[in-house]
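Take this structure first; my questions come after.
First chain written, first letter: the chains are A, B, C and D, and each begins at residue 1.
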């Protein structure tokens, strides 16, 4: 739109699009206000819009990732999760147990997470499990405990939404809604997340290409939710020393294609406690905007993923080392034209 | 249960399990009636049940795939899809276009499918697509056209359920409900399919191990639906001459582990029309119980997956050749102890 | 060359090329005699040759696989291995133990291989092993036993050359020299094989694309040996029910790109005895020109790869079933334009 | 051996082993002198040795990697490459063009490599190429240029040995002999490298597991050469945003299993210039002992691998950033029991 376009002019453009059956989004950037209509087909003639008041130009979106593409935003997106800025110059840390198991377990873990200066707590109330006979999470009771932990330790809550039926409940509790790797192409779930007011953490599927991952983000963005954080969590390969293969190069590769922030989950990427800290460091060094880490007050008693959960003392080491690397990177000059 | 166990005795066992919070299923085999309780925990004491009238023995299920495992059934499961027996000595063929696009397209294709003696028509009314901006299927209108095609050509309908919201509609139309590869671990969808009266075709996920696939089948089975057909459709590897890599050895490997029937989809496995027939033949030769094949009256005009759809004349060749191979296999003696 | 080109004219062209530092090969096809100069660079001007006597036309080779490409030969190559035609209408079978272990073992196995009507015996005298501490084969003693087996049972010998040092000895004994999967890009070995008079069986590397495989064949062909047979033996993927993943679609994909024959090795492809027969059938059904199968008179005593070696009785089943499928395929009409 | 064992006693043990056909190696550690006999079979009775003078104890080696295993050495191995210690507290950097192309190209590149304080120059004189028609390196002429560069810039030379025929020449020139990824299981080449006095850089094969890689190292070690450096260079997966997938977790995983040093090659791992620096940083952060990087004075004119070669200015950034991260890691406390 023109610089001085009025609210009424914007409304009229949206109405015109709407009457043509095209949903649109308003993006109010620093330099200009854009109206984005990713679902518009080629049948929509630009002339009709270009003659309207306040319209500067109609530009076709050529990238297949219409809203996720770097071209579609003036700079990098910064997602605010209860005060934590993800995608900016800081390092966003999210930590906690795989699943909520009990108040004691959750609080004991949350306590040392908070003491380490970490502001976001992760834990699943609903757990997607390979076998129908495995522990499936505490459900609503788990969400209640997460809310108590937020109040007690002043921590933002990151928890997974696994299906439409319980999405509303997860959405009410979460400060950041996680979409798990197995649901990366659960399009109904993505669309629901796209209609949420809460930011979304979108894990990469175990065999998803970067392109497919960005298309999945596009499902969320195209429904109107602009606050999407990507999270690399290891891919499935034949390499068998770890549960998955951390694809660390996807961090700079994603940053070259999209304005969305990207985090790394070294816990699921490795499945082995002794590999988590080196891989967390690698993720930060590769340029990730944050980390999602599993830690448990008593890993040997964990109901799921115990072997990959960091002990409290190791967790402190991870935070210490990763912050040190991140600080060094901020100071080091970065060559022009290179992904950082 | 004992041979002469009464209906009342069966009811009492089910009631006792129910009062302990354990759902159970009755399996009425040729030799004996079994009551299966896959969700029972170790807390449930066998003594309590073993003293009840009509109970012969309480046997713990040791396989992780409690209901899918070969051990849990007296023989191979045969799934009846509108009269077509899948899992028996015959070769079950399912064919049709990727998606329903119009009555003309669907009927033109259905006509030569039926003329080839194939009894089951496949076509998606709801299409899960990588990009939110791609053709997503005709939806309810597509289901209506499928019902018309069934009436017109006397064909059973195989079509995909992609989400809970539209599951009921798909279920009403389908004779066999397809769960697509990307939804293989969409547990909410699997559980819903497990509560259906219609049989389910469960495609293997693009990076799912055989074990994970059987666990996914277990999600369906454990909700009470015993009619599950597995379908290999190629896995994601680095091998780049085809869209996916047809993992033909999973056919005998699956048959060694489970009593469920298994089919092969050579179209998605290759993504290249010129590889479909050789791979279809390979699937049959490996021992598959059936094939799921894409064919289109005018592939060059297809809205999705045109390059892999067989031309009508090629489709007839496929049917002819695969039936010939299947006939030879039935005659050839098979060594004892080897998977066939 | 022109139809009536004289031997002297051919000699002069070869000499001209030679004086420009370009090695060339004479290919005497049914319709015309071609002089192939795959190593010629663009610096070589065609005018100089086109004006020479007997030369019809100078055609640049555009395919990257200058000699392996389908374009470079008038039809499919048929390789003659001691009377067995590989690449023609017949099904070429090669069978035997993984390694030569003793005269008793070799002869006992060779006996039932020959009785089944199989004409080619495989067994390694030099075994490439992952660990330096594993059984590395009987070496020269093994070659001697293979020669005795040939004399005794009238079988052609297929055995592996693993390094330059022992290549000459292997070459003297073998009727078909195998280059193993791990050596697919051992370029020195490939070039040596290219200077041999004996035909070469080139196994696909565990992570080689079809393109890389054809380039490897090109290393052999470009040294002058036109008798190369490709052999698919399973690729390395994350799929873990078998040792490797048999990539059956590479058979028709290769046949579309190259005139060279292609075989399938279901034993290394699976590593599991119970999967070998179904996968052998799949390979034949996909259009392979032959099979390379491991069988052992007493698999439980094998010094290497025992778990994948077929028992004698199973081996007979394999031969019986695969011949039956192959016979059916020859009769079935094949659609024009499709790979078979 | 006992602390005070005499040279004569050592000689007698070696002689006894030798007369039993067992090659052995003397390892003179800080605390004790060990005689290692990895090729010894179980047939060798320990009693015979245990009664000999100076022998303290005969211990069977249980690890399959008899010499590569962490158990077989008192601490981490430090390999000295012309004064550069690889495997110790420092960060070893090796840089240069993919191949030697000319004196101008080599010297121009070597100049800024040396100016950055890097002590080791890499460049191939013999290049293994996928196609027989690609540039194969300058050969002996290339080696001569490398020697001149060493003299001119006081740089150690790292260059690849591709085959036995030219091994001696490469060995004479190289300060560190590289065995390329495609030759990781070229056992004849490994054994030859094992008989060299020069240290060996062993690249991981594109589809080699960590276990297979250590077995390959074992081939070198078991011939007597104890100076082996591992080098991760990306593995082949379906992930397609980079040429290979850098498997960064193999760094700590290898360090947990073996005493050998490990480096990372971010250039071949990515094949994309813009991903090299982030991946180099990730490798260092994961705990690698060094980096092997491609840089070229004029990448756009490179005869091979130009798209992955760093520009001079970017190379300086890489060195600067990676040293900064390495310095931080050395200061950061490392938790006991965790791989670093």
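In the analysis below, a residue touches a chain if its C-beta (ideal position, glycine included) is under 8 Å from a C-beta of that chain, and two chains touch if they have at least 3 such contacts.
All values reported here derive from a predicted model rather than from experimental measurement.
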item	value
Furthest chain, CA centroid comparison against subunit C	A
Self-contact between copies subunit A and subunit B, residue sets same or different by half	same
Length of the line joining the C-alpha centres of subunit A and subunit B, rounded to whole Å	34
Between subunit C and subunit A, distance of the C-alpha-averaged centres to the nearest whole Å	50
Subunit A: positions in contact with at least two other chains	207, 236-238
Residue numbers on subunit D that touch subunit A, as the complex places them	207, 209-211, 235, 237-242, 245-253, 256, 269-270, 272-275, 277-279, 281-287, 313-314, 317, 320-321, 324-325, 327-329, 331-335, 337-340
Subunit C to subunit A touching residues, read off their complex	236-238
Subunit D partner contacts - residues on subunit C that touch it in the complex	38-39, 64, 66, 128-133, 162-165, 182-183, 185-188, 206-207, 212, 215, 218-219, 222, 236
